[in-house]
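Take a look at the structure below.
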Amino acid sequence: MTAQLVVEDLRIRFHTARRLVDAVRGVSFTVGREKVGIVGESGSGKSMTARAILRLSPPQAQVTAKALRFHEVDLLASTERQMLKVRGRRISMIMQDPKFALDPVMRVGDQIAEAIPADRRGGRAQDRERVLAMLDSVHIRDPKRVFGLYPHEVSGGMGQRIMIAMMLMPEPSLLIADEPTSALDVTVRMRVLAILDELAAQRELGLIFISHDLNLVASFCDRVLIMYAGRIVEECVAGELARAQHPYTRGLLASLPRVGDTRARLPVLTRDPAWLSS
Amino acid sequence: MSAQNTSLRGWLTADVTTSPWQARIQRTYFGWRRLSSNHLTMFGLAVLLFLVIIALLAPQIAPQGYDEQSLPERLAAPSAAHWFGTDDLGRDVLARMVYGTRVTLMIACLVAVIAAPLGLLIGTASGYFGGWVDTVLMRINDVFLSFPGLILALGFVAALGPGIRNAVIAIALTAWPPIARLARAETLTLRNADYIAAVRIQGASALRIILRHVMPMCLPSVVVRITLNMAGIIITAAGLGFLGLGAQPPMPEWGSMLSSGRAHLSGAWWISAVPGIAIVLTSLAFNLLGDGLRDVLDPRSDS
Amino acid sequence: MITVKNLRVGFGAMRAVDDVSFHVDAEETFGLVGESGCGKSTLLRVLCGLNRDWQGEIVIAGEAITPNRSRAFFKNVQMVFQDPYGSLHPRHSVNSVLREPLAIHGMDRADARVAEMLDQVGLGAAFRYRYPHQLSGGQRQRLAIARALILEPKVLLLDEPTSALDVSVQAEILNLLTEIRQTRRLTCILVSHDLAVISYMCGRIGVMNHGKILEELSTTQLTSNTGHHRYTVQLLTASRGCDHALAKELPD
């Protein structure tokens, strides 16, 4: 599989009021037309990495890399104008909470229609048809009714599906999902993931799935990258999580309770300072 | 000496605190460091400290008494003998300014000391209890709020009689409503916080919750608000003085000094200009301090 | 120890808790699992005395409970909240947080009790005068647990105690809770949306949805995965990770 996205030695540093923070310290990976999961806890640098791909890092962040390439576009060297052609068009991003990502004063249908790139717009009626088709593809049962709703009138799961619809309108080839299901209930989560899975297969999308839930990512994605303190400490094929090598991954897996768990105490992950420099 | 310094600094920045006092002093120290990094705020603070020192040392600093009249010297321009000139009764303007600092600062402090606790208490009670308590208190609040400050103060002074004490009461009565509104708004957001729920299920009484949990969170906004309102308070006091309803002659109050210079504006401009500039500068200083305090005291930020 | 009969919160179609009945034995840990909006948190808030608009019967430790609780009640029943960042007063030090309940109930040896409690939850004396913003999420939750336990209650209610914590910290807190409930012989009700946490910590589980308890089962019954209410099966399968086949069956 040829890589769509190539990241090599990505480093992100911040100058905060008190000290220098190395949020990401030499991360390298590639993404083809496959589902790649990035798993880590808060502070591991996973969201920073995702945002850096779209050049959406905070202004005080210094982003450097040996290579940060999407197809033929050099993401690091591109100007803002060139990035505008990539962001939301060729690479889309889904955020965690649809409540905050959708415009509360605009109808859902109109928002999705807005996502159609200007050069591909037809007339109003034609755009409406495209939006309805999109809503249908995310398995929303009554697309015509949902088209006219406002974001506060839809449930969490539906809101997330609307976000997915909106982000897929411009027909990107890479989708970045930053904790897309963390705010959703467990059963709703399954539904949304199934839809993502279906769409990714249909459209041959690359997908970067960022989460803190190791088991979820491992069951959904093809490959899993585990991040700790700004570095990728392990890379696994999804089904083979049990064969993970790195003590952090093993420690994390062991510390999770399971249904039917009979252990008297859960092993607590002890952080080895050596992991910071491995 | 340096060994002593390091141990003091060490105590102030120690990670492990061994007593409640050390923890509190550390917080104050860090707050002070943040405050002092803001230069405009420091300027405001410096001006205020300067005024406080002048007020305290007034008898020593003033070249003469504030009510020593010298009619042959009336309306004299600023000179070496009288740095700010003399007024229409030959009194030294500088001396009157110096003593006037006492009056102005006293009015400002007394009003703050009365209005802030009053507003805080009413606002937090109103916000916490809700229901009819809230309705009654807020309607009273609305009555006071609906009058422009100076007009209301005028009304009170007219009823109570002129004089500094009544002027202070009058201004305080106009200054508490916005504080109460602010405290109420803060209380309403805090009321549903988990930490309030946690202390409720310990069996805490409403009084304890309001005093120990709600008020400390409202206090920073109230302090900032009252500091920013100082400018208005001083100007209201000056306004009352201007209308002859505040400090009575011969007491030197900046507003009444401003007023007495009205008739001589074209000729002896210094009689009004000097107190006028002083009022502006003091208000500015309070505003700058209030702005800086707001940045530091916001409870939602980390130390 | 705890008996709830026909508990109702809310009216008509908007019932947060709809005719719920269950029973918890002494020293047992009962779990309530369900998704957001199922009423589990409302139920806890009714039990601990925060919510007074309810109808039904509640008996705790042999005493019938009324909407207005006595101070003695609060000594017996305590709660740990979900959000460690919101359940501690930002301006109160650790020492202050722990002394307050003691002061409210006039308990003696305050100093010694605070020191003991800090040790028992794994925070040492070094933390005594710190403020919440100087503590990590796990440390704050330990403090919240200490605060709940310092009154020596017999019943501990836990509202999603580890949901807001990092996964690696979750194990520590769960271990602490396991240890504490054993040494203090506590009766606990644990509420969570995470079936794995609930089945690990609890002996018996109630599955809630739309304000009703659909089914009560023991943990062993849960793992056998047969004969359950359809919703329970959905929860079980969903909690195991992404199952594509299941996902397609789920209603909108």
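Letters are used for the chains, namely A, B and C, taken in the order the chains are written, and counting of residues starts over at 1 for each.
Here, a residue touches a chain if its C-beta (ideal position, glycine included) is under 8 Å from a C-beta of that chain, and two chains touch if they have at least 3 such contacts.
For clarity, every value in this text was computed on a predicted model and none was experimentally measured.
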item	value
Dominant interface by contact count, named by its two chains	A-C
Remotest chain, chain B as reference, centres from CA atoms	A
Identity of the most central chain, Cα criterion	C
Distance from the mean Cα position of chain C to that of chain B, given in whole angstrom	47
Centroid distance [mean C-alpha coordinates] between chain C and chain A, Å	32
Centroid distance [mean C-alpha coordinates] between chain B and chain A, Å	52
Residues of chain C engaged with two or more neighbouring chains	none
Sites on chain A touched by chain C in the complex	41-42, 139-141, 185-191, 193-194, 197, 212-216, 218-220, 251-252, 255-261, 264-269, 271
Residue numbers on chain B that touch chain C, as the complex places them	16-20, 22-23, 27, 193-195, 197-204, 208, 212-213, 216-217, 299-300, 302-303
Residues of chain C that touch chain A when the two form their complex	35-36, 166-168, 170-172, 174-175, 178, 193, 195-197, 199-201, 219, 222-223, 234-236, 238-244, 246-248, 250, 252
Complex interface listing, chain C residues touching chain B	48-50, 69, 71, 73-75, 77-79, 81-83, 86-91, 93, 95-96, 100-101, 104-105, 126, 128-131, 133, 144, 147, 151
